């Protein structure tokens, strides 16, 4: 082999750089693990005082944070978990069919030009900051939707979900869920669309060739293909709704109960909004408590993510 | 860039400019934000070299930040607790921190009933503490309730449900208002005083602005808020003795002039007020939020003494007649009276060692 | 009609399967119904979404003056006009947003891209790699406020209690950005054809140079546009910055010390101040609703920035798209 | 029984691009007609216009007439969905519905109209169609397994079974064997020979031997030049086309000298 | 000048799977050696061990010896990166770097290895390599255009130019023409004939005619059965292998009776 000495030297150096680069890449991977461990660790450390120390002062702190409505951590965090899941779940329930509809509209009904335009708009809306949805919800939606909720309550009030008295102004769970639905709608739509338009052409043509109508074609060849993707898109939206802070904070009239009466005020609160609302005035014991609720939220989103992973893994297999 | 009037940059003597060169950060109660804006602008007219910031992060966060030594002063709606006072030794070079009243605002009991009186005639619904308590505890739920009508003869009250609006976040305003109810309403008010609203009636909203916005969004709402913010809403004339007092800066100042020092806050230098909600004096409005600034008389990490120097000058300005007038004009606060200001100034003079 | 092949299986009477008129009509009806529903869902969704954009535009454009963009909020008192005739502005918030976002990019892009490099180029689906990609998934579920709490508590423990600065905000945001960066980079690296790697190796190029000069270079447009979208997402975060970076009225160019205002925090702060007081002694130009005006104008700027980033992302991926000729 | 198709003055456009120009031909009932020609000459395009499948391509449209047993497929009140019920289609690549079992795949077309079919009727139909597609013996024990579990050739025959199960009059096949191995190809060719008793069959193929083996008539398409529209060069008995074509182009193509 | 390769007792594993067993052969310097054999018999696998390219497949490893002009490629202190600088490789599918211009593609081996080269030297090298790859005249006016803008055959020749630009001693080619049209194939074959003056060339091909046309020696690989390891059946002069092979399997393969 022909080797000049300087070439051996550069090769030597290249090999060292090679090793360093690999170490960096591995390090970056491990850093991710460490970062997550650090998040958990710091949160636990910060939440620790909420569970240790004098039980009286603990109870005192909880009573102070909850305005006397709860006196134990579980009594405090329970309704918050309920409210978080209720609101996010409702938002998903409202947004999901509509997102699916829009995704189908973009992918299969709209003329090509319109659908590229729509796609762009949806992508933009998916990135609109939540504080703007909050602003819009609080200043535009709330004053204008009370009448609709009232109408709903008059006609469907026999269902406990819609029983009155209707909150006026409508700072109720229903309104917040609606705003969150509007917020996650573009996110779910955008992901769902990306998946649905990849549905194999072959099966669509097969369906049509059998004499299927457009909707039957979608049912036969598009939806089954996109199922797992649609689920993971919804989970993405659900995750966003679970963690949403500003929109809830700016709109909802909070409460700490296990009420399902969506149109009434002061029934529920979400963990994230509660942290943002109480953090500014919290003393150190209070901060510990709030961080502990944050940890609970983290666990909830973790579970949602994990389930989504399982579902998509199963459906994909 | 900064919004500095072109002319003002030259004013102020140079020695003074050198004295207040640098960054001075405070944080705390959001109630003080508007006043602080005005004070910072006013203070910098005299000391253009000083760069002052105020983060309206909230009283709790403000005090926490102060106790960690990352700010020079904290604005808080609640005086320091014993724990916090003890903790303050770690940041203050000499003894504990002091808290001085700098800002007070009447808390209005407000309602959204636009058609009670012709526009601009300035009428106020009349209520006594028990009635207010009954509405806020859900015993009176309609505007046409005879108990309201009894106090307001001749007023054409609508047949409308009352929606109670209260603060949803922890707040000094809530605490002040609750202690007023607690002190005056007797058995009509079953809840203890605290910074969080104690029941699930009506609706909660974040911040004073949230309460006012919510009230403006629906007729028949009833709530409490810093009076300066209640533009567009009706305010209740509260029964004091035999008179009915609407919230004004003047009548609130009168209440503060009568206030005692809180016996539980007797540590040297502290000026903490115990407001007499049960007062029956004429021309006194009984519901008030008093907001304090917390400073050290000497700072632990303050090699050149600039922190103490600033704290002293800052509070001196805030407690000056000019400072109080600035706040009144721009935040709608009640000017602190001469007596109270001189009590507080006595403490200010001890900052940075001998006066 | 009868099938002819009697010898080879069942005889089928196809009339039994013949669609009836009513069933055909029912199918048509259903098809039309679904078309209407899908069109309707689109229209229904359009109302709030267009409303959000329209309200931000119509309310925001009023205060969106050059003065608003070139001044901060120092010396602005209530609803009073400033000496320059404006009512304060968002210069400090724009600077804060840029710096904090830039900080989070500096943290998360190298780590995220290198992590993706590890996953795609080195790990080959080992145990560690599985753990990492699971954790990346978990990370993408971190609620933003929790990220803020984390940054706040971390700086409290590491730097000192009560530390609130731009960097803490950057850390919080980078935590939110990282999973997106890792995922898009991973996807982009994975679609780089193996052919190219082999071609480079066959030329006697080391692995590191193959990755940096060929693989990353080929994946660059995708990574850049994916990252831009990730940035567009975190640039609108409010809650974590409220906790980690605080609020200040003046321009603070120093990311490492002192509070920093970002645009979303500015929007929220203005919103939460409600009406301004214009007392009897106030300036005649005093505006009571100045806070809402500023909030909407800042919101509009925020939307414009996000829009710009989105377009930039698309542009980047289109201009640098690999595989196009000329 | 199959039906005959009359095509006259058919032009097919993709947007502004004229892909196929002025095709005139008769496709005989119960015969196999093969379309041959170089790539891009429009064989698939013409085939797809026979059951209006081109309509799902955005911008694609036709002018001219296609009569199915005298009825205009492009008549103003004709629903493409109805047309496709009478004209079945089998594609180049097998495309069973991946989420359905073999049985459900066969029944997919029928189920569209009748949700509830008596189980025995359904069983008979499945058996009939799978026998017709020469697949019954291979899959009769695993009808409830997913259709994509089959080999490529089996999948293609499953698709044919699915197409015949709705009992169309015409069966269109676009290169049905091009993705198959020789053995599967032979199986499908045998099948075509049997199916023509019941159906009119049109098949597109690149494989000249195949066209010669299976078809009764052959239509040769060509393009004058790249970017020019395709057109029908000639159509005749398969034996005539392969032994004694009228056009020199056909001769050249068949002898493999271009294309 | 090319170098000779001696392979002895070479076994190649993918994880636990023994893909190729006990290969012993000499590859002559400055000759073209063709590897032929049915799919899966390990032609590519053996080829890739000659420049240690198999090592980038996780789990792949070898035992045995490969001597390049007497030096053991698998010696303990030999770096695969070094080996690959002496042994160039051209792949089945043309793989120019899409982000680089034609010129940069040719220079990639130099540039990526951070060797400094004067602009005039670089120009000379590009021209020399492109001329060597028979591509110069076609691309000399658009050296700064992206390499992937070329046709398939041009791209493949560009890849050859890229490989020769680093002056390897040996050039390995894994089915370099299988994705090319006949005209491009001829161009590449001509090129191989010219290149053997300077390089030792090993080429894998499925095309027997091609092997017969371009190679001096031919090695026939086979598998005993599916799942069994591949092995070298025989290697000899190309004329011998194609006219008069020793092994009956070779004879059967060459006459097209299997594979």
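The letters A, B, C, D and E name the chains in turn, as written, and every chain counts its residues from 1.
By definition in this document, contacts are C-beta pairs under 8 Å (C-beta built on N, C-alpha and C of every residue); 3 or more make two chains touch, one makes a residue touch a chain.
What you see is a predicted model, and the numbers here were worked out from it, not measured in a lab.
J.: On the document's contact criterion, could you list the chains that touch chain A and likewise touch chain E?
T.: C
J.: Where the contacts of chain B and chain C overlap, which chains show up?
T.: Expected: A.
J.: Need the most distant chain from chain D, centre defined as the mean of C-alpha atoms.
T.: Relative to chain D, the chain whose C-alpha centre sits farthest away is B.
J.: If you count the contact pairs for each chain pair, which pair has the most?
T.: Greatest count of contact pairs is found between chains A-C.
J.: Determine the chain that sits nearest the middle of the structure, using the mean of its CA atoms as its centre.
T.: The most central chain here turns out to be C.
J.: Between chain A and chain D, tell me the centre distance in angstrom, where each centre is the average of that chain's C-alpha atoms.
T.: Whole-Å distance between the two chain centres: 48.
J.: Based only on mean CA positions, could you tell me how far chain B sits from chain D in angstrom?
T.: 84
J.: In chain D, which residues are in touch with two or more of the other chains?
T.: Residue numbers touching two or more other chains: 81-82, 85, 112, 166.
J.: Could you pull out the residues of chain C that touch at least 2 other chains?
T.: Within chain C, the residues that touch at least two other chains are 27-28, 156, 206, 209, 242, 271.
J.: If I count partner chains per residue in chain B, which residues reach a count of at least 2?
T.: In chain B, residues 30, 57, 64, 206, 210, 213 touch at least two other chains, as defined above.
J.: Where do chains touch, given as pairs?
T.: A-B, A-C, A-D, A-E, B-C, C-D, C-E
J.: Within their complex, state which residues of chain C touch chain E.
T.: 124, 193, 195-206, 209-210, 213-214, 217-218, 220, 322-323, 325-326
J.: For chain A, which residues are in contact with chain C within the complex?
T.: 14-15, 17-18, 20-22, 24-33, 35-36, 38-39, 42-43, 45-46, 97-102, 104-105, 109-110, 120-121, 123-125, 127-136, 138-141, 178, 182, 185-186, 189, 213-216, 218, 239, 242-243, 245-246, 249-250, 271-272, 275-276, 279, 290-291, 294-295, 297-298, 301-302, 304-306, 309
J.: Going by the contact rule at the top, pick out the chain A residues touching chain E in the complex.
T.: Going by the criterion above, the answer is residues 1, 7, 10-11, 14-15.
J.: Which of the residues in chain A end up touching chain B in this complex?
T.: 63-69, 138-139, 142-143, 146, 165, 167-169, 171, 249-250, 253-257, 265-267, 277-284, 286-287
J.: What residues on chain D touch chain A, complex-wise?
T.: Touch residues, chain D against chain A: 51, 53, 56, 58-59, 81-82, 84-85, 88-89, 91, 93, 95-99, 108-109, 112, 159, 162-163, 166.
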